[in-house]
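What follows is a pair of complexes built around chain A, which joins chain B in one and chain C in the other.
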Partner chain A sequence: MWKYILKRLLMMIPVLLGVTFIVFFIMSMTPGDPAAIILGDQATPEAIAQLREELRLNDPLLLRYVQYIVDMLHGDFGESYKNGISVASQVLDKFPNTAILAIAGILVALAIGIPVGIISARKQYSALDNVSMVFSLIGVSMPVFWLGLLLSLLFALKLGWFPSQGMGKGFLPLLRSLVLPAITLGTGSAATVARMTRSSMLEVIRQDYISTARAKGLAEKVITKRHMFRNALIPIVTAVGLQFGHLLGGAMLTETVFSWPGLGRLMIDSLNSKDIPMVLGSVLFMTIMFSFVNLAVDIVYAFIDPRIRSLYKKAGFRKRRAIAA
Partner chain B sequence: MGSSELIRVEDLEIHYETDDGVVYALNGVSLHVKEGETLGLVGETGAGKTTLAKGILRLIPSPPGKIVGGKVFFEGEDILSYSETEMHKIRGNAISMVFQDPMTSLNPVMTVGDQIAEVIAVHNPDLGKEELRERVIAILAKVGISSDRIDEYPHQFSGGMKQRVIIAIALACNPKLLLADEPTTALDVTIQAQVLDMIQTLKKELNTAMILISHDLGVVAQTCDRVAIIYAGRIVEEGDLRDIFKNPRHPYTIGLLESIPSLTKETKRLNPIKGLMPDPTNLPPGCPFAPRCNYACEECSKAVPELEEVNPGHLVRCIRIDSVEEVR
Partner chain C sequence: MSEAVKKTQRSLWMDAWRRLRKNRLAMIGLGFILLLVVLALFTVAVDIVTKGTFYDEHVIKQNLRLRLQGPSAEHIFGLDEFGRDIFLRVIWAIRYSLFMGTVAIAISVVIGSFLGAIAGFYGKVTDNVIMRIMDIFLAIPSMLLALAIVAAFGTSLTNVLMAIAISYVPTFARTVRASVLTVKDQEYIEAARALGASDARIIGKYIIPNCLAPLIVQASLGVAGAILSIAGLSFLGLGIQPPTPEWGSMLSNARSYIRDGWHITVIPGLMIMLTILSLNLLGDGLRDALDPRLKN
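Entry: the complex of A and B
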């Protein structure tokens, strides 16, 4: 198991190199001179030229990239062009806010998606199934910012139940300010989770071991929980993991609609101001988070499924033979 | 034997209502099994053997399956009229079932010990953890699996061992009736014999009656007291092992027996029954075997013949038995 985790961590290195290179390349291809943006409209050409020299923007692209990587390996992710504060500290500063929102969002998604998926599968083709699948289709295809706006129009502006903007300080205000963005964020994921749960459950329902379980005289509830759900879990965990990885990277639209001070907004702001070190730093961070979530998902597999677990273990002769068979 | 009747199925009719039409899987099947007796149920694929077994336990998936008519008396009680909760108490306890494919019949994410313990626990809710484990170890020993494998998962077992586990699950609560749906079909021939021997021994030990479903007449000849031949959802011939194997009367049974290569006579080619079983969504109005039958006459395709007793306990569903006898 540890060997496997180490291998996966090492595999992250080429991924990160690739991602930084692509972002680096794209950022330098886009129009607009960072130096001019930093200095503003009033800047003289001389001042801009001087700043370009300072920022080493005149160096060849590859050289700048190598320099960036070398700095990165020393733990230096550069400073923001905009305010001169270190990228690492800004990203780490915003990350807890994004993490709170991501966890709340995924909880909403699980709380809705899993029960709906299970019930739909158990009562396939019933009215309930059709209705919930239509709703989940709507949930998947609805633009997030639109749902966010509608929710805040109704529950914040009209009813005044929850704040429409920002992140509350202290536990209860935080919880209140979390409700609308979490629902906005969770709805789309809930729909994906529900559809995945349903199809995965339907696959399991037809398995022979479900007939065996019925022939034992178990109640349907027990069969659903003990025999169906655990076997249906792997695709569900995969879907939830992917969703969570996305959410941890910062939900740009939701964070923008609700002025949530998270990574997503940090990234949007830095993109607008062509703050290359900031963009690179946040993308890098998202990639790392995503890889870690994926790794966590793979480890969870081993807990769910003994067949996967035994592949990780140093298998004894008998076990290896059973796997090969 | 002389023991009392354990189960009586009367005119059981089961249909599957699909988008492509109604599949007439069982069309009035009647049979009975006495305590401790073994009935072999023989028929080709699609004849309704599994549907019958699942129908007795009311495990037909619905929709599309539907029990249209008939009665199933178990120890005198009509269990078709039982509620689902009452059926839970019967399944795995008084009547249990062994499925065909051991590779897919065990839950892959539960240890075999837990899967056996589960059936004991659900029918004996008072048992403590220790007693439960002891009983699991005892039943594992009965099916020839050592107790140190109790915490292993199904993928660590071979096919034959998995079938032993499944049999352990089925016999864990000392059922009165065991429905064995082709329990050895998916196994190697050598393992088949082992598993069959084991079922036989345990069955005698526990005095369990059994309906053994098979398409293998050899297996049936080895294990059964009585045999019922099923064709297109109807019993076509039923009798003692000797009646069926030494004195078959229905042309289908005769055909089945003739298609087995003999060890004593020299046979150059097998003698199969030509043709296929009729489409169960569209059964012919008369005897369903008539289109394949060497002895069929015009009369055969008019109405389904009745099951008639030719000798005590020997029932045949054919109107041409006399001419069949003459030709042979």
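Entry: the complex of A and C
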């Protein structure tokens, strides 16, 4: 198991190097001289030239990239052009807020998606199934920022139940301010999870071992929980893992709608002020997070599926490959 | 013999169409998309005939005296924060969402299938190099990639288009590669090679047509995703810029006036949702029609 995790971690290195290169390359195409942007309109050409030298902007792109990677490995993502504060500290400062939002979003998705999916599958083609599938189709099709606007229009401005902007301080205010953003972010994923759960359950429901379980007189509840849901779980976990990427994109939009002080907001603000090191740093940070979540999903597979677990426990590398192929 | 082959080929697509026609939800989706296409073409025609004067006069020109007026018989969707008719703006905006979404996906289908076909067909080093590069692109969440591209190159229509197109290339490369791998060892490919067909001919004539079904399904769902991304970028102020009417940027402006009138928030979003819903229904229907085995 540890060997597998280590192998996956090593495999992440070239991917992340490639990601940094692509993002670095794209961001270096930004028009305008960063030195001139930092110093403002009043700067003399000499001052700009000096700053360019200091920022190593005259070096070739590849050299700057290598330097960036070396700095990055030391935890140094450069300084913001706007306020000179280190990118790493600003990103780490905002990251917990986005993490809270994303985790709340996933919880909403699971809390709605899985029960709805299970019930729909158990009562396939019933009115309940049809209604929930129509709603999940609508949920998948809803732009996240529109849902956010509608929710804040109804529950914040009309009814005044929840705040429409910002993040509350202290536990209860935080929870209250989290409700609308979390529902906004989680609804689309809830719909996807519900659809996935339903189809995955339907595949399991027709298996022989379900008939066996029924024949030996197990209660329907036990069958659903132990025999159906457990076996249907793998595609569901995959779907949830994939949703995380969508959630990161959705978080930017949700944070914008609700003025949530997270990474997405930080990124958009930096984009608008052409603060390249900030954008670069936050995009990379989010991508690294995304990669780790994907890795975590793969590890979770091994925990929920004894077949995969035993694959990595007993079999040697060669045999594992043969089975995987 | 060639005639017989042609016949079965045609009936495959006819079969799929027959199955699709029976799917009521998919037909509703198709109907709505066709309606949008007709409306979009109509607005383009109006622009050409009036040389843009109707557009300037009714879609762009502000009339602050009437701002935020609710729906009425004269303006069925009401007026926006600058007193412009929301119905007209929503209709004029179709072309950006629908055509840009379609063009972006068309570009990534072409690039993605090219890369995927080569990777799957040649295998080994070629496959490894192409697919590892695709893995890198897949590792960046698509919205972030699109944002970075637009941020670096500026918020023009072409840049938004390219940003979305690039972020979808890996999806199509993977889809095509997977189906090339299942097709390439079939006997009819061997037969073509025995007859002396070149690689390009084998790929273009025998492999790609056999990979079309998953590609079409993926593309129809991709267009939905692309439209959502365009609207999202515009909502963040990084896509299509005002005063050009676009659903996402209309919503972005509506945000400041959300207290003053529900219609300016509800209507553009509803258009996005109905469009995406229709494309999803059509995509699901196409999947069932083209590959009945997938239907549960």
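Heads up, the rule we're going with is that the second predicted complex is superposed on the first by the 281 of 325 C-alpha atoms of A that agree within 3 Å, B and C clash if a C-alpha of one lies under 4 Å from a C-alpha of the other, contacts with A are read in each partner's own complex, and residues count from 1 in each chain.
Everything below uses one rule, namely that a contact is a pair of C-beta atoms (placed from the backbone, for glycine too) under 8 Å apart; a residue touches a chain by one contact, two chains touch by 3 or more.
For clarity, every value in this text was computed on a predicted model and none was experimentally measured.
Asks: Could you tell me whether chain B and chain C fit or clash when both sit on chain A in the superposition?
Replies: Verdict on chain A: chain B and chain C fit.
Asks: Go through the superposed model and pick first if A:Asn231 touches only chain B, second if only chain C, both, or neither.
Replies: A:Asn231: touches chain B, not chain C.
Asks: Regarding the shared-chain residue A:Gln67, is it in contact with chain B (first), chain C (second), both, or neither?
Replies: Neither: A:Gln67 stays clear of chain B and chain C.
Asks: In the overlay, answer first, second, both or neither for which of chain B and chain C A:Gln165 touches.
Replies: A:Gln165: touches no partner chain.
Asks: To the nearest 10 degrees, what angle do the lines from the C-alpha centre of chain A to those of chain B and chain C enclose?
Replies: 80
Asks: Applying the touch criterion given at the start, work out whether A:Ser126 contacts chain B, chain C, both or neither, answering first, second, both or neither.
Replies: After superposition on chain A, A:Ser126 lies in contact with neither partner.
Asks: In the overlaid three-chain picture, which partner chain does A:Ser199 touch, first (chain B) or second (chain C), both, or neither?
Replies: In the superposed model, A:Ser199 contacts chain C only, not chain B.
Asks: For A:Asn83, select first, second, both or neither according to whether it touches chain B, chain C, the two together, or no partner.
Replies: neither
Asks: Which partner does A:Gly217 contact after superposing on A: first (chain B), second (chain C), both, neither?
Replies: Only chain B is touched by A:Gly217; chain C is not.
Asks: Residues of chain A touched by chain B versus by chain C: which partner has the larger set?
Replies: Looking at chain A, the partner in contact with more of its residues is C.
Asks: Look across chain B and chain C in the superposition and give the shortest C-alpha distance you find, in Å.
Replies: 13
Asks: What is the shared patch of chain A, the residues that chain B and chain C both contact?
Replies: none
Asks: Which residues of chain A touch chain C in their complex?
Replies: Touch residues, chain A against chain C: 14-16, 18-19, 22-23, 26-31, 137-138, 140-146, 149-150, 152-153, 157, 199, 202-203, 245-246, 248-250, 252-253, 256-257, 267-268, 271-272, 279, 283, 286-287, 290-291.
Asks: Which bits of chain A are touching chain B when the two form their complex?
Replies: Residue positions touching the partner: 207-209, 211-219, 222, 226-227, 230-231, 304-307, 310, 318-319, 322-323, 325.
Asks: Spell out the residues on chain B that touch chain A in their complex, using ranges where they run on.
Replies: Answer in residue numbers: 54, 57, 59, 87-93, 96-97, 99, 101, 104-111, 118-119, 122-123, 153, 155-158, 166, 169-170.
Asks: Within their complex, state which residues of chain C touch chain A.
Replies: 132-133, 135-137, 139-144, 147-149, 151-154, 224, 228, 231-232, 235-238, 248, 251, 254-255, 258-259, 262, 265-266, 268-269, 272-274, 276-277, 280-281, 296
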